[in-house]
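So that you can tell them apart, the chains are marked A, B, C, D, E and F in the order they are listed, and the count of residues begins at 1 in each.
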Amino acid sequence: MNHWIIAPIVLPAIMAPILLMAARHDVVLARIFSIASSVALLGIALALTTMVSDGIIVTYALGNWIPPFGIVLVADRLSVLMLLLTAGLALAVLLFAIDGSDRQGRHFHALFQFQLMGINGAFLTGDFFNLFVFFEVLLIASYGLMVHGGGAARTRAGVQYVAINLVGSTLFLIAVGMIYSVAGTLNMADLAIRVPKIAAGDQALLQSGALLLLLVFCIKAALVPVHFWLPGTYANAPAPVAALFAIMTKVGAYCVIRLYILAFGADAGVASWLAAPWLLPAALVTLVLGMTGVLAARRLGQLASFAVIGSMGMLLVAIALFTPASLSAALYYLLHSTLAGAVLFLIADLVSRRRPGQDDAMTVAPRFAQLSLLAGAFFIAAIAATGMPPLSGFIGKLLILDAARDSANPALIWSLLLLTSLLAIIGFGRAGSTLFWKSTGEPGHFPAAPESNTLSLVAIGLLLAGSVGLTLFAGPLTAYLDATAEQVFATRQYIEAVLGNTVLEGGIL
Amino acid sequence: MEFLLSSAIGLLTAAGVYLILRARTYPVVLGLALLSYATNLFLFATGRLVLDRPPVISALANGYTDPLPQALVLTAIVISFGMTAVIVVMALRSYLENGSDHVDGETHSEDRS
Amino acid sequence: MSLALIVILPFLGAILPALMIRAGRNACATSTFTVTLLAFLLLMTHAPAVFRGEIVQIRWEWVPQLGLNVNFFLDGLGFFFAGLILGIGLLIITYARFYLAKEDPMGSFYSYLLLFQGAMVGIVLSDNILLLLIFWELTSLSSFLLIGYWKHLPEGRQGARMALTVTGAGGLSMIAGMLILGNIAGSYDLSVILQHKEAIQASPLYLPALLLILGGCFTKSAQFPFHFWLPHAMAAPTPVSAYLHSATMVKAGLFLMARLWPVLAGTDEWFYLVATTGLITMVIGAWIALFKDDLKGLLAFSTVSHLGLITFLLGLGSPMAAVAAVFHILNHATFKAALFMNAGIVDHETGTRDIRKLGGLMALMPISGTLAMIAAASMAGVPLLNGFLSKEMMLEEAAHTAWLGHDWLIPALATLGATFSVAYSFRYIVHVWFGKPAGETPRHPHDPPFGMWGPPALLVVLVVLIGLFPAAIAGPLVATVAGAVIGGPLPDYHLAIWHGLTPALGMSAVAVVVGLSLLMAYTRVRRGWAAGPHPEAKAIFQGTLAAAVRLAQFITHGLHNGSLQRHLAFTVGAAVVVGFAAFTAATHAPGNRELLPATPVAVVVWSLLVGATLAVVFLHRQRLTALIAIGVVGMVVSLTFVYLSAPDLALTQISVEVVTVILILLALNFLPKETPSESTTGRRLRDGIIAALAGIGVGGAAWAMTTRNAETLSGYYLEQSVPGGGGTNVVNVILVDFRGFDTFGEIIVLGIAALVIYALLDGATHGAVGRKLAAWAPDQKRAADRHPLMLVVATRVMLPLALMVGAFIFLRGHNVPGGGFIAGLVVAIALIMQYMASGYSWAAQRMKVDYHVLIGSGVLIAAATGIVSWLAEHPFLTSTFGHFHLPIIGEFELASAMAFDTGVFLTVIGATMMALSNLSRIGCLAESLPLQEAPMEPDLRNANEKAREH
Amino acid sequence: MEFFNELLVSALIVIGASFALVGSYGMVKLPDLMSRLHAPTKATTLGVGGALVASMVYFLALNGTVSIHELLISLFLFLTAPITAHFLAKAWMHSQQPTDLPRPEKHDWSTFESTAHGNDKD
Amino acid sequence: MAHAHVSGEQPSLLRRWFPHPLLSLALTLIWLLLINSFSAGGLLVGLTLGIAIPRMTSGFWPDRPNIQHYGKAFAYVLLVIRDIVVANLQVAFIILFRPLGSLHTRWVCVPLELTNPEAITVLAGTITMTPGTVSCDLSADGKALLVHCLDAPDAEATIRDMKERYESRLKEIFP
Amino acid sequence: MIEYAILYAYVAISAGLLFNLWRLFAGPSTVDRILAVDTMVINIIALIIVYGIQMGSTIYFEAALLLAMFGFVSTVAYCKFILRGNVIE
């Protein structure tokens, strides 16, 4: 029995209560525990990566109850990739946070660990009600992290964030109910074999349930028109939290990939490729609106938020094409945009802290400490975020363009993708020029950096290095991602891994 | 019976939606509470309506209702309880911070959407 | 390998200047120079092979799935451009060392310059068009840094952003073009693409690809109508202008057109697009240059004009024109770089670049003046200088080219361009170096140090030498390069000064005569020009950009106005649309399940729910009342669960209700007690419609599903509950066993909720909020007694009873309705009753348990129960149970699920108590209430004792 | 015997239900809160009491065991009903501030006068 | 959970383990009735809880009174049950048949001699549960009880009745 | 015979519940509304017990037990809110 699969869930689930009980009053101890846990998570994710890299799908039947009756965890290339990304991002973000922001409120580290538990659980579970539970775990932890440190604007945004997500959770349950009411199962693999057999008269319930569930995932993924929560949330969340949230939108994207290829994909009979006609237009609008927001942004945090929306649009365009090639491109872009989005928030925060009174507003203000360093970091991050060469954003963009070539409407997709890139370039250029160039001509000085921020800079450096790494190793990476995408599309393999190889012939029920 | 339950779910949903679209945090909280009743009943109803056949194994029982939706609803009730508690306290904190319980934190405002 | 090194060296070397600047400015410049020199020498080692017509290649795989690979190849064209880039680079580096002022950060200048240089070399050596794209965009980025180098100057920043925007846009267009091109050819490798002329030109995608690629080339090479960014890029330091905007970057577009010439040129599309654009650019650029008073402005527009000229030549599509183009690229690079450096010298020495303020400098700066004269004369096309030769070739080609059947049009326009060219070139000579000094210049000018005039001098020597001995000096190079461009046999041509009395000579003569007359009548011409319209590109560009930003802001901030009401309306609206659309799009059949009759009691209970729900909606402004009405809803829901065979749910719902009510009341204490009426009727109507649709949707779905039958997994749970899970309460067995993992997550949610609440409330006790809280005044009058005696007594009696009930519910849960969650709530409510009756402080003193520890240990116990299964080689949360027999006690059952349920139990108590007690703590802080020793009013114990004392 | 049991159970159910109805009816009929307070706190208490006794008798006859749940329910109701009424009355007194109350000798009623140590903010 | 709130000298071992033996016994009994069966195991669990719960909660009930006469207490309970039945009939009659105008609704102030909080609570509870009377408030010094009467033609008689019927009995039960 | 008694009980208790609902709407004071809800709880307890008798099952009694315990807590909390604003102080 291989228990490593559940370690990404159990480890933070144990670490958080330990932090609560043992390290509640000792911030140093809490930091050590928290970092240790994150490093261990990274190690586990790497180990799992090697485990699944030869293409096997490992399952874990909780409570030793055979699926579909018990809950099952599934580690395949895709889920492990997400775990790895989460662990890497978490470690960088944590480094940034322990430079001081973790002390602005209570229980940062415990909430952080719980958040990781929720995210990892969402990536691993093969049961869509259990997915709901993990969504709630990651959401409620995110509520806490979102308002960490308090403040008028932040708590206000917090209320909005919570309210929207509670509506999302409500919708999730309704959708799950509709699907269960006709499919009679909660296991994703089992659902996949039942969907094509569902009676014509039940299709309306099934499909509207499935599409409402898609809407829920799209709320998480910040797709227009259910993206409204994102700008306020990200712009007002503490920087490390906003950076960590870069993975939260990907949870939504992951769920779309997982469920709508597995259960509503090629083999779903009349419900085949159910998500595609809805997803693609929405994703294109999201892309345009996001990058328009980048151009319109008045604060750096706002710019980063809209860049995240835009990148989600781009990502979901690639997903919505629902081909192995487009999925591979989407996964590459997913890795890239998570790192690029996260680092922008961290940079925005360092800038903001150095300009008391002006914060991250795109206004001209006197020079501040470490201007050149941050300008350099911003320049690189902007290159990544706008998809300029030579960083990973460019390769991601090329991959998506390449994958969109065979779609129904390549001209539209291409022109939108490229035009929005231009919007992003202009927007980022404007921001950088105002914040870092214009300000050098301004008389006066802001006080020196308030505290040591070596770790913050290391965190930023790590994330940027991640983008560089994605670029340098784009070859082997895309090969791996191609295999990952193939595996996701090879739904029989998944179903057999979960339910055994007899189900496809005879079936359990 | 099915109609009564369905219409009740519909009404609770409508009332909940109407309230979450109000401008103050308190009605939003109430609306969310109504919505969670609606969803819990809805999820419960996926097990279909069955009289006096509780899923407790007994020699005397003449049948059982679907236990799974009940377990799911239980989980959902607990989770929505936690969520309600959080949004109530968050609304309170926001009120203390902003001096207003407007959902957008404004001290005086009309509709803004 | 060494080929790749030529590209990589500048990139690697880019870090050197930044490091070396600490060792001084000379070390900094020297290191840059050395790196460039090294690259240049490396390039030269390939010269023999290139001149032999060989192609040097290196190939590394990078992203093979995409066809993006690190493939370089070196042929004549690449060699020529790389030599130009590195050679002129060396001169520029030397020149810049002296040009840059002390306060200019030289380290970053040279770093940027090397980055740019690397990118340029990358473009010209790439054998993979995707790789080429990367370098292409890198030149945009590094030139952005170079143009904005003087970041304190608004012109620099604006110029940089304009250049980035235009060339960036072109780059994006080219991405698309290249992807199409590669797709047609089946490879992104140039060496492959260049073999597929027929396939490419026959493809229906040829025109889109051509348009997109030209979009990139024209923007980069400042072709009309994208020419406007180039003059504004002149805000850069002069070495940058000389390097980027005369010799290298602007030639990237030309390079690419030349590179793809074998496969793209020769069609009508190509001719009309490229040649026309080039010709227009040539004429307009020259015309504008004539009226520029800024030396660098003049040179910039002149560059635009010459780029147009070369584009025109490439557009003609004939091998002969291609040769001319190649030759002119070389010539233009020499005289224009020299002129830019010369302009920089003038600026450096006099402190101004305004031609109107300059004059008669020849006397003061003879060396610079001489160099300027020669270079400018070459630009004008004066014989014996290299500019003359290639211009003649251009005019010759123009002379026999027709445009849409008009054979006079092109020769006329070409002559016109040449005329203006003569005029502005001589203006550069006459108005700056001759005539009387225009007045006081900011500085007293004299010839600069050799380091500054040496590089242009070297170029001027080339200008003269090529002019005199074209075949000897430039012949092999031009042949090699032109061969690479044409990709086939070279045409029959002669690089010579004299070709006889050709039409070109005539046109040239006309140009010189008319051009000089124009200059003589300059004041009048200028007046005429001044009377006409002068669209200011910068203003238009910035206006357009500002308008775009405003539009973006209008959309963005108008849409994202931070209104939760809007967000939720959109979210619910989307759900309604998606739900209904999906439902109607798919097939639906009404259910055939036998329905349960609606009993009168059910109807009454239903009407309670309807009534209470309506009460909530219509009385929602009276907050307490609405809460009371919600309580009724909760009660009816509980009753529904009782009625429909779900006792566990009923118990849970009842317990949760109470805690929720107390929690909301605790918060409501601080909140306004009434909701103001602030929605318009229209808004209420809109919300009402959304709400009604949502209600109809969800209710309809409920109806659809409850009226049909379905097969589910449930049979298994009912069968396995006793033998497999050891309990008769199937719901509980599902919760702690079959789907215990859900429950594990669920208690964690509850635990987190408590932590979040704790953090939120703890944060409210200090800082600005804490002060507000301390100054808080209740908004309703208070009754006098805090702890009414009867309540205190009753709750004290109830506590042990309630705990007993809690224990009972906990222990029986596995077999009959109950379990850890409900029991936890029962215990928590029993304890909260003590808080309510006797007060927070008093009760808290008696509850020495830290709720953090309770939550933590609850989660840990649950997790430990799961982990223990590992020891038995079973998955997480595998349960075990057994029936044991002990003397006296008899038969009893122990299940590991009970341990798990204990974790649930503890977490629930901890979380509930943490939330409620912290809320009440806030209340006590806000009211600064003192602790009552024996809380009971009237306080009879105290009174009795006092009476006894007396 | 069986008939007697049935009769007893039926009678108890009918009595209990009747009192429940009367209690709730009183709540509608009586003119002011203090009067209304009498109706439910009494009638419904016996109403539930009747049903509970009916239930105990029924299950005693059915299973031959005494069911304790009913007793516990009664216990809780008897413990809590007076407190509920007390609090409703106090809440009413506090919000209506009636002027026709009789006054005790030295001090006012607890709702209006505090004997606790320390002072509240208001 | 709560720790014993102990003051003064060290109590005996027995006293520490069984601070309220009667309560422990009662709880054990309730447990046995809750589980609806009698077995050694059930008794053991019941005893454990019966001992543990009073210990855990003793802090919340610092001055638990000792009932002196259990017989009288039992008799009192029977009396109250009888009165409750009568009260319900009377109130039902009032609600159903008496015209509202004919009611003598009034407040009365019942002076108290009881000083024990538990006793006062029982009295107030009794009054609420019996004919047409609701205990509404205590005076701030605990020396009077405010009672609302639904129909009390003679206030003095009503007060006298309450004091004689209940308070005097309670004085004997609670010392 | 019991069936008729139960039927009668249902009708009577239902009528009682409707009266309660009317009081909930009519008020006039908040205290009246609390009283209405409190009475509703009592009636619902009765309803559950009668239902238990009808079904011959004791499985529903814990619901009545908890309602009896906690209906009181809510009512006191509402009143305490009116009296003191702060439910726990």
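As a convention for this text, a contact is a pair of C-beta atoms (placed from the backbone, for glycine too) under 8 Å apart; a residue touches a chain by one contact, two chains touch by 3 or more.
Only a predicted model underlies this, so the values are computations on that prediction, with no experimental measurement involved.
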Could you tell me the least number of steps, going only between chains that touch, from chain A to chain F?
2
Based on which chains touch which, give the shortest step count from chain D to chain F.
1
Those chains that touch chain B and also touch chain A are C
Of the pairs C-D and B-F, which shows more C-beta pairs in contact?
C-D
Based on Cα centres, what is the most central chain?
A
What is the chain whose Cα centre is as far as it gets from that of chain A?
E
Can you work out the whole-Å distance between the CA centroids of chain A and chain D?
56
Suppose each chain is reduced to the average of its Cα coordinates; what separation in Å results between chain C and chain F?
59
Separation of mean Cα positions, chain C and chain B [Å, integer]
39
Touching two or more other chains, which residues of chain D qualify?
18, 23, 25, 37, 45, 67, 69, 72, 76, 79-80, 82-83, 86-87, 90, 94, 110-115
Which residue numbers or ranges of chain A touch two or more of the other chains?
129, 133, 136, 140, 143-144, 147, 150, 155, 159-160, 163, 167, 174, 177-178, 180-181, 186
Which chain B residues touch at least two other chains?
20, 25, 28, 38, 40, 42, 45-46, 52, 54, 56, 68, 72, 75, 79, 82-83, 86, 90-91, 93, 97, 103-104
Chain-chain contacts, ordered by label, are A-B, A-C, B-C, B-F, C-D, C-E, C-F, D-E, D-F
Can you list the residues on chain F that touch chain C in the complex?
10-11, 13-15, 17-18, 21, 24-25, 27, 30, 33-34, 37, 40-41, 44, 47-48, 51, 59-60, 62-63, 65-67, 69-70, 73-74, 76-78, 80-89
Residue positions on chain C within touch of chain D in the complex are 777-778, 781-791, 794, 797-798, 801, 805, 927-930, 932-933, 935, 937-939
Show me the residue ranges of chain E that touch chain D in the complex, using the header's touch definition.
30, 33-34, 36-37, 84-85, 87-88, 91-92, 95-96, 100, 103, 105, 107-109, 111, 121, 124-129, 132-141, 143-144, 146, 148, 150
In the complex, chain A residues that touch chain B
129, 133, 136, 140, 143-144, 147, 150-153, 155-156, 158-160, 162-163, 166-167, 169-170, 173-174, 176-178, 180-181, 186
Within their complex, state which residues of chain F touch chain B.
55, 57, 59
